[in-house]
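Presented sequentially are two complexes of chain A, the first with chain B as partner and the second with chain C.
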Partner chain A sequence: MTPPQPKEERPLGTLLAPDILALLDEAPGSVATETEEMHPADLADVAEAIPEERVADLLRALPADRAADVLEYLDEERRARVLEAMSSAQAARLVTEMTPDERADVLDELEAETAEDILAEIPAEARRETERLRAYDPDTAGGLMTTEYVSVPDTMSVAAALAGVRAAARGGRKEAMYAVYLTDERGRLRGVLSLRELLAAPDGAPVTDVAWSEVVSVLDVADREEVARVTANYGLVAVPVVDALGRLVGVVTVDDVIDVIQEEQTEDVQKLGGMEALDEPYMQIGFGAMIRKRGVWLLVLFIGEMATASVMGKFESEIDRAIVLALFIPLIISSGGNSGSQATSLIIRAMALREVGLRDWWRVARREVPTGLVLGAILGTIGFARILAWQSLGWADYTEHYMRVAVAVGAALVGVVTFGSLTGSMLPFALRRLGFDPASASAPFVATLVDVTGIAIYFTVAAILLRGVLL
Partner chain B sequence: MTPPQPKEERPLGTLLAPDILALLDEAPGSVATETEEMHPADLADVAEAIPEERVADLLRALPADRAADVLEYLDEERRARVLEAMSSAQAARLVTEMTPDERADVLDELEAETAEDILAEIPAEARRETERLRAYDPDTAGGLMTTEYVSVPDTMSVAAALAGVRAAARGGRKEAMYAVYLTDERGRLRGVLSLRELLAAPDGAPVTDVAWSEVVSVLDVADREEVARVTANYGLVAVPVVDALGRLVGVVTVDDVIDVIQEEQTEDVQKLGGMEALDEPYMQIGFGAMIRKRGVWLLVLFIGEMATASVMGKFESEIDRAIVLALFIPLIISSGGNSGSQATSLIIRAMALREVGLRDWWRVARREVPTGLVLGAILGTIGFARILAWQSLGWADYTEHYMRVAVAVGAALVGVVTFGSLTGSMLPFALRRLGFDPASASAPFVATLVDVTGIAIYFTVAAILLRGVLL
Partner chain C sequence: MSRPSAARATLFILGAACCFGSVAVLTELAKRGGATLTTALFWRYLVGGALLALAAGGVRRGWIGGRAGARALLLGGTGQAVIAYMSLAALDYVPAATLAFLFYTYPSWVAAIAVLRGSERVDATRAAALVLSLGGIALMVGSPWSAALDPVGVALALGSALLYALYIPLIGWLSAGRDPAAVSAHIALGVAVLLGVAGLADGELTGRLSMQSWLAVAGLAVVSTAIAFVLFLRGLAVLGPVRTAIVSTVEPFWTAVLAVVALGQPFRLATLAGGAMIAAAVLLLQRRPAPGRPEPVGGGAGAG
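Take a look at the complex of A and B:
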């Protein structure tokens, strides 16, 4: 039977929390058996729905390995607070049962001192493994990888390799096994075969006969985005990680890759919205941090946008003589900003998916100029018609020279939308070329660039068309 | 050894294409053995880097199952053109070797008539399977799933199940095997165990003793976003798919889930940029389609933004009397749009990650109002100081009442930024409540809403502060 489908507004954890709280009060000894078939992710949802001070009770009521599984799915903030509230011996017992990569991550989330206290209580071998993993930058393949994988010498037979895999599976190692890696006498990665391929192979054959010798792998210092790209491109469930000498040092599993992809996407969306990435869930980030992350970019954009006041100041006498021109400023500059925002989001995404590289800037520019011209012509025609319509219906009075005003607005729209499309599409290239993240080219950033220029384009066009008439 | 790391500007395909083209010309018979250790994804890169008319030669030079693997990684457009250029018998030979889910996908990409011709040449059993899969909406679990998975009756022993898995693995089935599913006599999903758990289990035990009876699964009609959410939340590598009666009908594998996550993300970024999702790579979409996808939203926004001209028309006499007020319009309204764009992108992403649900709107509003007030106060103070500074430095002349102008601009900024944050954060809730995709709340959409109101707020504040002085 399928479990009840969690409803968006009532996740499973919320539904089960009252039952489990009652059980913890009345018969804590039965919690382990009552919840034994539950997925640890669902138990973690329960642990997020009950009062924080009861989470330790719940974890204590479970066998240590189950409690460790629940911790792996628990929200990071809550997990840190729960572990910090425990004695270091208690916490160490749970942390020891976690997979090596999760163990390193969870210790990184704690206060440095608490982490050291817990680490001191962890068995020596697990401690060394954890320390080795914590030495890697968390944003690299080394920071994502686990050290629990199955490798066999490349001199083995299929039967011996399969026996090794079964022994490892029975040895209580927890990370999933999808593939078996072959290593030479120096520990260098020499081959790979999936568990399916191993099961299908004839027992007597040497593993090298059935394994793939060209192994897709990443360096331990590779950026996590590179790991995600390799995993997605090759459709892998696990990527082996090698050091500079080609030695197998770990494996990144696809569940961690999905987390990376989602985190990177969150960052990209937030940057595109014109702010620093929050790095924390919206509902959990503190007020001060929220103001900082949003305020910095808002301020930068504000200071940039101040130039509009200066540019408009230059045209003050034109505005004075033809107030009617001022009425269309927001309409014109926002159209430039909108077309720029479209172009920017297209190019940022195409770059993230590697559909477009730095050297494609010229091809992109050659697409964006005609696109901008056509889009601008459409908006310009409608803007032109709008002015004539309002004038002839008597809904507005755009002076006796309304026809020239309409032409000026229409022509300015063509120019501003084309300029917006071009600027918006080229900005990610420029940022990348300068070594910045192209995703910093936010919609508001483009709009600000285009606003200033848009005003100048508009008044220049107007000056040409209305010189000697209104101006 | 690790293969050469593909460089961003020179993908592996581009590097190898000349060698493989030469081989195709001089010794086509050796292509299969020369490339036998290459990953099919790398061969697909080669197939994308060589002239399109040579791709069929390359596929013909490979064994049918290898060629099918390459097709699975090939760009969709090119794949469709290559298959359409082949005879239907040739194409059918390759398509038959693909996994059932990829086979259904590739046929959906072809002209209906070509697809029917190819389908007619596929062996009867594979044809029926393909037709069954094609009956599902491609955006559902049924549309993503493969029918090649391993299931055993829940009455079996571990040893018998393992023998079944080995037989299946040797049977040439291609989809990866990560888990074994248990079904009852009616085909209903009753349990799951990973290949690792099966390998670790004692041979004589019944499979039900070692399997998990609470299986995370999705309905065949579930939306693909739901499939992605379940996979990510539970950290799965494959999700079983059941029909309305609870019968196991297929499995969605994580590589397809990653594709879904990336496609959904592309759509979200493009919508956030203020346009319809392209559904095709930027470099491949036709000019007409590009204009349509961008033009529709640009037009909607333009028509909305026209209200700014009307609102400003209402304040024309104020502008006439105090031109200085017009200078700050772009600065003020863009600040509202920027703060709104930040809030919108935060909430859209928090909703996509289910950090925030519909019922949280009030908690969000209560965060956004103080955030907007503080951000507005910061910008307002700087705007105020900027006017005083320019005036006292003699860089601009904001009339003798410059102090009141500065106060009006500062106060309007507080109001507009607060209004922008609130509008931007509430818009995704409103859209979702009305049954639309919250991601349609683009940065330009919010900016347009805020521009119109921003002008009204500004002139109202100015009217109060400057009444009897400038106005």
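Take a look at the complex of A and C:
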């Protein structure tokens, strides 16, 4: 899916829009020839830059296959509105020309009734293929794959296979022609070879002699993250998809994998920021959805922070007697929250990249405790030195017991940062163990959790160190 | 200089331990004479650093220069200044003997961090050492809620021990491939510059000290810094790091005795028992390759 670009990032579209509009008004028949050298992505930029009610005119002025290409690059919401504004027959003419996976995606974006109307208008074979693809969960390999790939029987010779590939290419557009797959009589995946390898092979040789029999593939029900991981790990440009019986049912191409990676990263970043994943580009999401997706987590965090107020209430008498302690509350709790957020972000990313799994929780804890201890010691020493320095230089008055206050702040920082690092690193493990997405352990969530405990640690340490003096 | 025999080398290390072990008591004497902690430390490191520079062959031969020299002055000096100040500030809250023993937990901190990081295995010896060390602290300090010892002094002493444990790798990095005397001179002068600036800024720094303070400061600079360092290096060359560390365990006990004799501080049985457990932990840890003693200038407390 192509995210919408801000106006300043599609200058070509903005520049050409007036001319295209003029052509549509004065000579719509010449639009196709005047724009035939343009990349479909650039034409989609033009379609983004002109008034929405003119986009259908532009698409009608182009050959169907070209219009389908432009549609593929168009922003999802605008595309849906444009198709819904067309007659079912017009829309069906365009989507029929799309690649099967894009066709299925586009129909998924429409109102169910509209999608069914359009589907009813497209040729039977394309309709069956589309329905099969739409049956898959969009977040699985089946939901991502295209059925436009090239396969040949594994009994063929190289010459026959080449002829088959040539016929397939001439027969129409094939999205995934990077590799040629070999299948047996039952359609099971038996081998793969690149187009280059096929071209370089001796004509008379059996195709099995030049193909790789160890084929990396994914199941049609595999999660899209698994598809992205396999693609990245093996450096593939296309991943074959097989069903439970090992039959080749489609191919996921690298452009779709890039989309998956972008969407997953966006989702993780949004969750880390303390909200539900938006699932839509920022500028496209509706006001209500924005409030709902952000508000729920804000409310949860807000209620969590109420616990901080409750804990502070428990130490009200200490704060009354040693108001100087209150000065350092933000320093203490933010340090704990920051260290926790750091640890959470590191572990979530490491989990996403499969550098760590559930079983590694103990190893991570053993790394985080000394790390937190050392980081806490560094921050604690700086906090300690800062209080002494400000007091000595007369820039602040932390009472005559400033040394005790400095030690309390330093010691509390060691405890809070160590606790924050440990908690922040363990939370993603706990969430995954409970079946949630580890990315839900957002940084603000960890910060809230550590705020509550940080207050308790700080005032407990202060109560020990300032007992009989300030408390 | 001829190589000393093992017996003489042992005497050198014992002497060095006593010199280092006198730091806390001499600092307390300087303070009782009217010097502030910043002033006492400034003069100790200024004079001690100059003597160490002489021991390194003079300014010209001992000057490291370049980025390595700047690192030793700034990083080494800052770390040393913080540790020395923090540990010796504890003398306002706990007796010198307690400080010396608590500071002496630093090898256990090193071992604990290595074990937590997984860089070293928890074998029976190491586990016993850590238990002994923790037990020694608990015996000496008691419950944090009881009034046996001021928790601020305990926190300062243990905090400085933790920082010293973290400071050891830094010193190892700064000293790699260089004359230890030269590195130590740089660090000492770095401390003097830092404390000099701090003392001037807050108006505490002065040269007008009482005779008692000057004598104590001279003892700190000459005995507990320069002589201690020379003896330590000569002994270390013969005994090696493990035996040196074992002999050096006399250091906190020396501090304890000196504190009773010179300062008239009471000596609690719990301090002796807890201290003995901490020293036993150090001895146990020496059964494996020891972290050694890479920092000869003086950690600031009894450990020097």
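To be clear about the criterion, the second predicted complex is superposed on the first by the 458 of 471 C-alpha atoms of A that agree within 3 Å, B and C clash if a C-alpha of one lies under 4 Å from a C-alpha of the other, contacts with A are read in each partner's own complex, and residues count from 1 in each chain.
FYI, a contact is a pair of C-beta atoms (placed from the backbone, for glycine too) under 8 Å apart; a residue touches a chain by one contact, two chains touch by 3 or more.
No experiment lies behind these values; they were computed from the predicted model shown.
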Joint occupancy of chain A by chain B and chain C, clash or fit: fit
Touched partner set for A:G410, first chain B, second chain C, both or neither: second
Touching partner for A:S194 - first (chain B), second (chain C), both, neither: first
Touching partner for A:A389 - first (chain B), second (chain C), both, neither: second
Touched partner set for A:T381, first chain B, second chain C, both or neither: second
Partner chain(s) touched by A:A27 [first = chain B, second = chain C, both, neither]: neither
First (chain B), second (chain C), both or neither touched by A:I464: second
Larger contact residue set on chain A - chain B or chain C: B
Which superposed partner A:A120 touches (first chain B, second chain C, both, neither): neither
Contacts of A:R366 with chain B and chain C, given as first, second, both or neither: second
First, second, both or neither for A:I291, with chain B first and chain C second: first
Minimal inter-chain CA distance - chain C and chain B, angstrom: 10
Common interface positions of chain A, toward chain B and toward chain C: 363, 367, 370, 374
Residues of chain A touching chain C in the complex: 363, 366-367, 369-370, 373-374, 377, 380-381, 384-385, 389, 392-394, 403-404, 407, 410-411, 414, 464-465, 467-468
Chain A-touching residues of chain C, taken from the complex the two chains share: 82, 86, 89, 92, 113, 116-118, 144-145, 147, 151-152, 155-156, 159, 162-163, 166, 198, 201-202, 204
